[in-house]
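In this document, chain identifiers A, B, C and D correspond to the written order of the chains, with residue numbering beginning at 1 in each.
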Amino acid sequence: MSLEEPLPDTVQEQSADDLEALLGDLVIGREEHINAPGFVIRPDTVQESLRRLRDDAGFDHLSCVTAQEYEDRFESIYHLKKFDDPTQEVSVVVPADKENPVSQSADAVFRTADWHEREAYDLVGIQYEDHPDLRRILLPDTWQGHPLSMDYDQDQPQIVALREHANPLQEDHRSETDSDTMFLNIGPHHPATHGVLHVKATLEGEQIADVESDLGYLHRCEEQLCQNSTYRHQIMPYPDRWDYISAGLLNEWAYARAAEDLNDIEVPEYAQIIRTMGAELCRMAAHFLALGTFALDVYGDFTAIFMYAIRDREEVQNILEDLTGQRLMFNYFRLGGVVWDLPEPRDEFFENIRDYLDELPEHLEEYHDLVTGNEILQLRTIGTGVLPPEVAKSYGATGPVARGSGIDYDLRRDDPYGYYDELDWDVIVEDGCDNYSRLLVRMQEVEQSARIVEQCIDLLEDWPEDERNIQSNVPRTLRPDDDTEIYRAVEGAKGELGIYIRADGTDKPGRFKIRSPCFSNLQTLPEMSNGEYVPDMIAALGSLDIVLGEVDR
Amino acid sequence: MSWIAIGALAVVGVGIPLGMMAASALLRPSVPEQGKSATYESGEIPTGTARSFKFNIQYYMVALLFVVFDIETVLVFPWAVIYSDAVEVVGITRALGPMLLFIGILLIGLVWAWRNGAVSWTKSPRATRRKTERGDA
Amino acid sequence: MIGLLKSMATTMKHALDGKTFTVEYPETAPEVSPRFRGVHKFSQERCIWCRQCENVCPNDTIQIVQDDMRNGEQYNLHIGQCIYCRLCEEVCPVDAILLTQNFEFTADTKNEFVYNKEQLKNVPWYKGIDPLNSRNPDRSAWVGEGDGEIDYQ
Amino acid sequence: MGALALQTEQLLPEQIAELLGLSGVPGEIVGGLIGAFLIANIMLTMTAIAGPWAKRKITAAFTDRIAVNRIGPFGLLIIIPDAVRLLSKELIVPEGVDRPSWDLAPIILPASALLGFAVIPMGDLGPVNIHLADPEAGLAIVFAFASIASVALVMAGYASNNKYSLMGGLRAVAQNIAYEIPLIITALSVVIFAGTLQMSEIVAAQGTALFTIAGVSIPAWYAFVNPFAFVLFLVANMAEIGRNPFDIPEAPTEIVAGYQTEYSSVYFVLFYLGEFIHIFLGGAIMAVVFLGGAAAPIPALEFIPGFVWFVIKIWAFFLFTQWCRSALPRVRIDQLIEIGWKGMLVLSFANLVLTAIIVGVII
């Protein structure tokens, strides 16, 4: 059932010309991206165009906003998709004036544009009109210049001053009620923020009146690093470092998929199966950590559940170490395949995986006894951190967060890649929309990943010895044609991990943009926690399962 | 007489922490620095003082209820002590009846407080409003 | 209530079964997979100073100094900066650089992590495993025969 | 020996005074001080074992780890370096703290917990009866002493000038007072059986056999006589000492460390010490009121000194707190308050009235 293509009568399909007709005179030009048709529009018609595409053509998922600077202009690209069928894509290209780069904000149509446009402003320097809160997001407020713009001096050192944060509700507190609020910094050095996230919380008693995430503490210029690296070798080690909690192969696949489609590289079937198996092992490892840290947030100490989850994760990492040579930073994929065949002796390797998979149901049962069956945990998580599906869609939430809100969206099935469409597995959807649903989704996805891995090793075991082709023939230097553009996404551990690449005729990308699922998911935090208690905000944050390395990149 | 012994333990009980403080004062270094002495607020520069904000009204409600019920328990203490003797002397009705009445009145008070929401944690109206505002947006 | 008791029973079961997952580290050294990538080992005898490793390194970890005649003088590798991606080993045509399974290295300052060719030569094998054998079958499998340039000097 | 022969019925200060040949008020004072010093050191020793060693070992057992095992047998000697380490840390006094109360709080907390042990009969060890004082209102006094702790917590929370501390202090007080009443009312349902508040009498009242099955006599411990009250008391006690699932005053993932966020060095040690002694005091009250004090569970085991049984019982309670910590999530502040006022309070009154009726009918 799960692998059926979405029924044609539920999802309308439009050709590029239909869409052009729909947009009518808003279109001032056409572009062709490898993944989708692109429509060039005037910078003051962004909202109108996106609204038409969303309401009349059903493009309800603003996947990513890419900003870049050309010699003669600035440009923002809105990558639109449909939650019902993500293979239908359209790019809305908005050029902006070189001297005075002003463009209309899409925030009124898609809430997710809020942060994406702030990032574009921060790094590239495009001004978005009507944006509710156009401030820097990744770099400190006092930063000078926009690092991805052309006239930026990369070598100039900057001194960044620390400032006190203002209480966002301070001004109006006397006029409205006589009760007072308290401004509280939660993070960056706090036990529950999963890294260096800074949550500016305004509390009213024990409740959250307002919460705002402050990012950028772990910003490592990953996009720029990739822009300075060669397609063929040097980019591949970096995706491991975005979502660094052992989701490495999933991330590598995101780059591999985009770059392979960009360069027309075929991947042998055998390598695809190995990739699928490795990626699902990574997903299991990532979900175990998510389970452990969520328990940590709700239970309070490094309790048994965290350690049990780490134990199971370690088992997966042992398998991955045998396969890839590392436990976290795998660097195992290559364009056109993988770097190594399965380790010898193969029987022993299969045996290890099978042993692990055989024990897994028992361990999962234990987690259900410990966590999901626990009445206090149910009391704490059911009905808290509620994220309704419409809100989740507007914020571009994907992955287990979206599936916990009843959105049936999984790129492995909806936009198939690798070997997923040949295998038998289910997309897990829970419609509770709360912290508990997200927890359940992750736990059941572990089971589904185990199913996929099991089918993969069955296939690999019987694969004829002389057809074990792990890599196709790829030139040592790749130089895609100038000005080809592609946006491709895969289902990472946290959701849709997309890569936009614009080639500029050299062996390095002209623009490399990462659409991080954590970035979009984290944006929903205020929706989930305003008006709730502090502990529920912590639980909601835990259930989002963010990795700051991927949020800040 | 037992009060002397209890007093002695009080002296020792205060003396041990003081002794430990003294021992620590001899052992520990002191390297004052401005950054160290800032109050901890997750590594950010603390905003305002913690004492400027008003307490949640809920804490007063709980405290008031506590005073009421605590005084009541003081009254139940002597009754509990003599209860079994009293049953033998005056019978169960006279021993238990007044106390049932007393507890009954208190329970009515509790029910009243319950219905008025005094024993539930109050939700802040502004926080709740912000939630609905966001939801509508 | 049943759920609470089940939770508690589960942890108690773990407490009583006496199994531990952690090991006493220096006494019980972990088994490391043959493919594991640790500190580099460099062989000046093999090296042909083609500088491909320096070229491919994603974050400039390897630094090679040559004289006017293109004879190698220095080979420095910052093992504290290295991301252990193994690309240098992959591109090396003569197996002059290898990543051993050795993951234990310490230093007092960051500068001590810059290993010169002597230090790199003296990096010990971990448990005597020569990783070349375990990786050998696939060593050249990834290098395509395509039209791209070969950057030997 | 003659005049020096010790009588086990005597309290510890009297025994000491007699040993030293003192009498009257000076004897009381000297005996009291020495006895108090002994009891305080027993508690300090137990805390020293529990904090740096036992807690880690127990947690490790629940989480399949090894934990401290390097220094001494089973790693026991870690206690010494840990104590030195903690005492020799720099004391950092944050800006804007309310100095007298900030300094007083870490003294009051362990002192109040220690004070509770003044009236606890800890059984006899050979000829020595480890029981400092036995006032007639013993049970009321122990609750009174134990609840001084909330004063220390709110002092620490307010004086620290830290938002996490303030929230932790307020939460601690709200929690303590919400569970204080169910705790006392449940204890009173036992007092109905015993007919006294004197600790030694409550223990003595549990000395008879409840019934005998197959030659094994079940003692009339109130935990067996009124198991419902036992469970209620256990839950209220966990909340009172702030252990999981009621550890919201400290809640590390929410408010970092609650009221002790700003404390370092010896001040932090004193908070830690105070909390552990509080756990042990909670265990001691459980033992005295519900588990027959220092009595052996079956007569065959009476050759083991009562003090050993007593220590086993309070360590069993400590183990239980750690067990809960391994498996139970913490509740939220509003849920905690509602469980306290709507659940525990009503149940404890129901228990009191039912016990009174049953006792009345049976007599």
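Just so we're on the same page, contacts are C-beta pairs under 8 Å (C-beta built on N, C-alpha and C of every residue); 3 or more make two chains touch, one makes a residue touch a chain.
Keep in mind it's a predicted model, so treat the numbers as computed, not measured.
Interface comparison, C-D versus A-D: the higher count of C-beta contacts falls to A-D. Here the CA centre of chain C is 54 Å from the CA centre of chain D. Distance between chain centres (mean CA atoms), chain A to chain D: 50 Å.
A straight line joining the Cα centres of chain A and chain B is 46 Å long.
Distance between chain A and chain C, defined via averaged C-alpha coordinates, is recorded as 29 Å. For chain C, the set of residues touching two or more other chains reads 4, 7, 10-11, 14, 21. Across the assembly, chain A contributes 182, 184, 190, 206, 304, 307-308, 311, 370, 374, 376 as residues in contact with two or more other chains. Residue numbers of chain B whose C-beta contacts span two or more other chains: 41-42, 46, 50, 55-56, 58, 121.
Chain pairs that touch one another: A-B, A-C, A-D, B-D, C-D. Residue ranges of chain A in contact with chain C, taken from their complex: 225, 229, 232-238, 241, 304, 307-308, 311, 314, 318, 321-326, 329, 331, 334, 336-337, 339-341, 343-344, 366, 369-371, 373-376, 378, 470-478. Against chain D, in their complex, chain C makes its touches with residues 4, 7-8, 10-12, 14-15, 19-24.
Of all residues in chain A, those touching chain B in their complex are 162-167, 176-177, 179-190, 193, 198, 204-210, 388, 391, 526-527, 530-532.
Chain B contributes residues 41-48, 50, 52-58, 121-132, 134-135 to its touches with chain A in the complex. Residues 58, 60-66, 69, 323-324, 326-328 of chain D are the ones touching chain C in the complex.
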